[in-house]
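Below, chain A partners chain B and then partners chain C, in two separate complexes.
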Partner chain A sequence: MSVLDIKSVSKSFDGIKIIDNVSFSVGEGKIVGLLGKNGSGKSTVIKMINDLLTIDAGEILIKGEKISEKTKARVSYLPERTYLDSAQTVSAIFDFFEDFYPDFDREKARALLADLDLDENMKLSKMSKGMKEKVQLILVMSRTADLYILDEPLGGVDPSTRDRIMKTILSNFSEGSAMLITTHLIYDVEKILDEVVFIDKGRIILSENAEELRERENSSIDEIFRRIVK
Partner chain B sequence: MIRRLMKYDVKKMLGFIPYIYAITLLLAVITRIINIGKDIQVFSIIGSVFSSLVYSAIASVLINTFITILAVFIKSFYKDESYLTHTLPVKKEQLLISKYLSALIVVLLSVAVCVASLLIMLYSDTFFSTVKALLAATIAGFNISGGLFITIIVLIVFFQICTLMSMAFTAVVKANTYNTKRVSRGVMWFIAYYFGAMITALLLMAVALAIGGNISELLAEQMSQGGFMTVMLVGMGAYAAFSVAFYFLCNHMFKKGVNVD
Partner chain C sequence: MGYSFSNDTPIYLQIIEHIKTKIISREYCPNDKLPSVRELSLQYEVNPNTVLRALAELEGMGLIYTERTNGKFVTGDTDIISKVKMQTISEMIDNFYGSMESLGLTRAEIQKILNSEVKK
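And then the complex of A and B:
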């Protein structure tokens, strides 16, 4: 069974079609990359999956169910922006997550915090953008979800931090769970992807197994993407 | 789940307002102490200045309460924080009810602080007697007790506050169904809801007075006892109904889904 099914989803803003008849799925245990240029519609698709935007047409199913508070309990989402209250400390945010997500593992979160050189008692207002993004990533990866959705997890961070983030993602990804990653930094993530979905101008232009695609085209996913999406 | 949400919502809606509570109460205490010596001209002048400060602080409490509640509502549902709010494993109506109840708690707390500050500053036997005499003069000829009159006034004010809050939330939700000009649309919708509710309340009062044979009293300088009670009770009922009606309208629109920034 697919963990995530997106069927013929469309979305318009002020009469302009932003997402046009998008369909793809994410299977259990798979890491799928939703790849596209800036403004191609990746984040719009992600927002619709997470009930942050309404759908004009089509449907989105999480393990066969329509989006509801029950499916939200099974999805762990890392948005592209900082959504946490700057006035809070990391510890207070952990308290909040413990209150609402039974699957949030505080000990795991503490271990990840130490790994990424962060202090639980530090206020978010005193942190840099990169540090805040790490905290958000820790919150997401400290949950045992069926589906992890990471929207541009590497955006805005330096190359060495990107490596640490990728290592954190891979080593804390629950077995049997699925992951959907969106990024325009394809070179950094392609080695972990099982499947790739290319999106351009709100349309899916390719959806294939990553390894098969690399072998057939005899190129990296990054190079294939640059060729196809101009 | 609603209690869990309210734990965080009340804290956010209070924000920095407790500091204003503390300052207001402190100013009231200082004013009262200064007014002990009000027979001396210097203390009388200083007492007047501090009284003005207390009134300003009370206004600040009420204004900041309203602004903070609205800001928390908008930030939580439609700005960056919405990425956390709308992905919580919580029903949409629970998110909304938590905001309503938390806002009510904070408003009641703010009103209590304002009333307490006024009592601290002004209360004396003379003041109490003056208020009693004023109340007696107001309700003279209406054949109701002072207690019942005050209860009706308090309930009307309470339901008016609930209605205004409900209207404001509904206007925000309505404005965010559009993609552009959300602020101006929110203001316009609030004004539309306000005038719609006021006109409806007036019509209801007119109908009630007409049924009682007192329609002409609507524009009269002085009302009869029956007319007065009709207007008061219809007004109270109307505001209670509006606050509930606007909640259901808000909930209906909110459940359809959001389009965050």
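And then the complex of A and C:
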């Protein structure tokens, strides 16, 4: 069963095609990596899935349904840039999430917070980049959704934080759901991916099972990506 | 950091080797329960489906078995473990001879060096 279907989607800005006939799917229980350089179009695709940008052609389906308020409620999205008010404490942000999302599990969020050595009473403005990244991940992973979308979850964090974030993603991903991760830090993420989709200049240039690709090419996804995407 | 994988071999094959070694060396004893897929996935920091694939192959080799609802266990059949152990040893020896011969050594020369090394 497919959780996300992107079918022949295109998008232009000022007459320039920035997304060109993009198609791929994310099946239930799968973690898929949408991999591309900066400016490849991956964030545009993510924004279209979240209905933050309209599409010119094609369609996007979530569990077989066109995007609507109803489908949006089943997607838990970690944007590349924060939308949180940095003057607030983590606990106040939890309040906000509890009000806004009926599927937000506060107990789980608090457990994750303790797990990642963060303090509920700390203001976001006092936090390092890595700490903020962790808070956002906690918010996203503490919802019970059909589809989790993580846009550059490792942006600007140090390697040890990176490991903690990867572990948190793995241990909180539930089998009935699906996940789409975008990143240009392929080396750090590839081990947790079922499938990879390479995007370059707004087009999908490869879409395959991660292990089969490694087996066929005898190299890491990171190396294959560097070879193909110049 | 979890287990560190090399880049040129699929991860599931490296997990198979790792678990196989643990079974051969009796770090995992016959009839021991293996960690769950989730635990292994966290331990290796890999996708759970990659772990499942490795476990399926280990099960195919007869090294582990599934008890429904209970999880996966190391085989109680020590003959199978001994057989896999011998296979692994012979593969390692073949690799060793292969590398030595690529240095231009003959079998006799390798044998001589080995004998003197063992005496050290």
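What we mean here is this: the second predicted complex is superposed on the first by the 230 of 230 C-alpha atoms of A that agree within 3 Å, B and C clash if a C-alpha of one lies under 4 Å from a C-alpha of the other, contacts with A are read in each partner's own complex, and residues count from 1 in each chain.
Here is the rule we use: contacts are C-beta pairs under 8 Å (C-beta built on N, C-alpha and C of every residue); 3 or more make two chains touch, one makes a residue touch a chain.
Note that the structure is predicted; figures quoted are calculated from it, not measured.
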Inset, instruction - Give one of first, second, both or neither to describe whether A:166 is in contact with chain B, with chain C, with both, or with none. - result: second
Inset, instruction - Classify the contacts of A:174 with the two partner chains as first (chain B alone), second (chain C alone), both, or neither. - result: neither
Inset, instruction - State whether A:21 touches chain B only (first), chain C only (second), both chains, or neither. - result: neither
Legend entry - Partner chain in contact with A:101 - chain B first, chain C second, else both or neither: first
Inset, instruction - Go through the superposed model and pick first if A:13 touches only chain B, second if only chain C, both, or neither. - result: first
Inset, instruction - Considering only touches as defined above, state whether A:47 meets chain B (first), chain C (second), both or neither. - result: first
Inset, instruction - Have a look at where A:69 lands relative to chain B and chain C in the superposition and call it first, second, both or neither. - result: first
Inset, instruction - Using the superposition on chain A described above, determine whether A:83 touches chain B (first), chain C (second), both, or neither. - result: first
Legend entry - Touching residues on chain A, where the partner in the complex is chain B: 13-14, 47, 50-54, 69-70, 72-73, 75, 77, 79, 81-85, 96, 99-101
Inset, instruction - Write out the stretch or stretches of chain C touching chain A in their complex. - result: 1-2, 5, 7-12, 38, 41-42, 44-50, 53
Legend entry - Residues on chain A engaged by chain C in the complex (per definition of touch): 29-31, 163, 166-167, 170-171, 173, 175, 191-194, 210-211, 214-215, 218-220, 222-223
Inset, instruction - Please name which positions on chain B make contact with chain A in the complex. - result: 4, 7-8, 12, 80-84, 86-91, 179-180, 256-260
